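Notes for the one structure printed next.
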Amino acid sequence: MNFLSLLSVEYKKIKRSKIFLILFAAAFILWIPSIINSDLNFHMETEGISPENNFFIQGFMAMSWFMFPASIVVVTVLLNQTERADNGIIKMLSLPASTVKLSLAKFIVMLSLAAAQILILTGAYYASAAIVSVIQDYNFILPPLFVAKETGIIFLSALPMTAFFWMVSVCIQTPVFSVGTGMASIVPSVLLINTKAWFAYPMSYPLFVVSSEYGKLAANLETAQPELIPWLPVAVVITIICLVISCSCFGWAARR
Amino acid sequence: MNICLEYKKVKRTGFIQLFLCGAILAAVVPVVNMVFRTEMYTSIHNTPVQILLGANWQLMAMFNVLVIVTGTCLLYHIEYDNNSIQKLKSLPITESQVFLGKAALSVIMYMSVLVIEAGAVIFCSCHWFVTGDGFWKELCQNFIYSFIMGLPCIALSLLVSEACKNMWMSFGIGVVCVFTALILPEKPFFLSLFPFAMPFKMLAGTKHVINYIYASAAWIAVTSLAELLLIKIRRSFE
Amino acid sequence: MNIIETKNLVKTYSGFTAVSGINLHIPKGEVYGFLGPNGAGKSTTMKMFLGLVKPTSGSFTIDGKKYPGNRIEILKETGSFIEAPAFYGNLSGEENLEIICKILGLPKSSVSEALELTGLTQFGKRLAKKYSLGMKQRLGLASALIGKPPVLILDEPTNGLDPAGIHEIRMLIRSLPEKYGCTVLVSSHLLSEIELMAGNIGILNRGHLLFEGTLEELRQDASAKGYPADNLEEMFLAMIDEDNRKRGAVI
């Protein structure tokens, strides 16, 4: 069975799962307080950031700290429970499909759902920016290229984190421990981005990226900027290690 | 009796360990903070409990709320997995009794979490500060208040878990609710009454404390009614 | 005396009638075989008795108690095994039964009795998720038999068992009325299975009750219609076939 067929099978498995309801709900709830408090964007003289940039960055900061990583943890629960309920995983492992390809296919599905969440969030951003522009009689809408660049960087920075969450869900069979580990690992990222070792903690990458962007957009604010060395090699190594472990361990519990 | 049954059911699921680990992680927060920022916090003129909770409660409450959401999802996941809920429905026990048993178990676990966190605050206060008269009273008041604030969150999470057969749905809804709590502004007042935002409330700095206590009681009553309604609606569609 | 009686019991789902106005009379202290092909409405009827599914219309009484008013009282007296074994995978067989024991207010000795009755004593401490299909089936039966309830509702109890296991469970079901005064309602799609267990049978097809009576009456019916009385299977299949043709013609 080739990888693309396997991938299409994995996408089929999440049909009728209603995961998009969760992703949509999160995306729209994110921007409601920003719309309600849109006038606060005009009082950012101390930070020296324009209202439209502040509107954008505050929303994406809230997303990148908790909502986006937590959504990925929810997706891992979805993928695991889909296999475990009614013993679907036993059937999969008894078919002539490589477990490595299976694991990678599921990882791609995770990435697709993460990308979908970012797209939905971006759509929700434009909708709320349009609403706020009308309310405040000020253009809050940023150029699409800029938004695309920022969201693209957030997505790419989330790859190691996604690989880590996937590895945890494959290796830890008890759902409560895999979920608990995932969720617990999200919380300290807000503290760790202020340390020099932030690059060793993949869960802090999206938040670090957004807060560094905040520093760039705010004239009077200085935030740490990512240095490609050692960040990039560490991120690549973490991603590879997590993927290798998850591919080797995939289905181990069912085959015991 | 129901609590004992529910406790039996969660054997080997990691439910107890989840709450314990969450409690330990939350308890570590003030200790680590004090280790790295001793001078900053010891130079503040306030009671040790206020300093410690003021600096650390948001993060500790975050752990508490996540543990509640995950734990309550698990309580109903074990019923829907392997279809044991069908067996339960064919026994002389009502679904409300099952809900109450699970709620009681969750409340006891949440209490244990708060006790461990209070232990960490006591340790930090005794190690880095001078505890004056009224320390124990202040500590008890703060943690009893936090306990009351956590009850609506437990009730609503459990209701969501009961309503959703799939764990990712109940977990996803819980996560969205936690996120909503994080981004909701404090004003107007009614927004701060969102059940998932209430565990983040501290006794110090909260105006109209009694209103929040009434709100907690009201949420528990509303959730109980919603639970009865859910059971009725589900039966009529079966 | 009939322990279970239904009056025009109906269950419809959107556009589909699973159970169509059946009137069952299940005598006390007997094994009643509920027979019908897959999708006949046997499981749906049994689920209605347990309150798992709400009847669309009609009524029934179990031991003089009416549903839904006396639902809890009915469940206190009824042991059941519906569709597939339902259990907590994270608990052992013994622990699963202990939970049911506590809910029913039975003494702790009921657990070991139920395990012994179903041949699970040596596997009692193993986690239920590690049970084979047959063991899971036996665990489901044990959870129905625990405390020897006056009414037992068993939906295809021998599914997944090996021939020795099938024989064992069949003998057990047959002995229950005599030994413990239970009334057993057992369903199957195999007449040969029911023939060996039940004294009274009801034949269901597409939600309709085609026959109700003793096996002897069914044999007489078969003779009257020209079928060999010792081959009830042929009679049963012909009955179902005729009914399907009638319903096909009506449609």
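Chains: A, B and C, in written order; residue numbering restarts at 1 for each.
Going forward, contacts are C-beta pairs under 8 Å (C-beta built on N, C-alpha and C of every residue); 3 or more make two chains touch, one makes a residue touch a chain.
Note that this is a predicted model, so its numbers are computed, not measured.
Student: With chain centres defined as mean CA positions, report which chain is farthest from subunit B.
Tutor: In terms of C-alpha centroids, the chain at the greatest distance from subunit B is C.
Student: Report the chain closest to the protein's overall CA mean, measuring from each chain's own CA mean.
Tutor: B
Student: Between subunit A and subunit B, what's the gap in Å when you average each chain's C-alpha atoms?
Tutor: 26
Student: Taking each chain's centre as the mean position of its Cα atoms, how many Å separate subunit A from subunit C?
Tutor: Here the centre of subunit C sits 50 Å away from the centre of subunit A.
Student: Can you check how far apart subunit B and subunit C are, centre to centre, with Cα atoms defining each centre and the answer in Å?
Tutor: 44
Student: Which residues does subunit B have that touch at least 2 chains other than itself?
Tutor: 13, 81
Student: For subunit C, which residues are in contact with subunit B within the complex?
Tutor: Within the complex, subunit C touches subunit B at residues 50-54, 72-73, 75-76, 78, 80, 82-84, 86-91, 95, 98-100, 102-104, 127-129, 143.
Student: Help me check something: in the complex, which residues belonging to subunit B touch subunit C?
Tutor: My answer: residues 1, 4-5, 8-13, 78, 81-87, 89-94, 235-236, 238.
Student: Which subunit B residues qualify as touching subunit A in the complex?
Tutor: Interface residues on subunit B, with respect to subunit A: 13-15, 17-18, 21-22, 25, 59, 62-63, 66-67, 70-71, 73-74, 77, 81, 166-169, 171-173, 175-176, 178-180, 182-185.
Student: Where on subunit A is subunit B touching in the complex?
Tutor: Interface residues on subunit A, with respect to subunit B: 17-19, 22, 25-26, 29-30, 33, 36-37, 62, 66-67, 70-71, 73-75, 77-78, 81, 84-85, 174-177, 179-180, 183-184, 187, 190-191.
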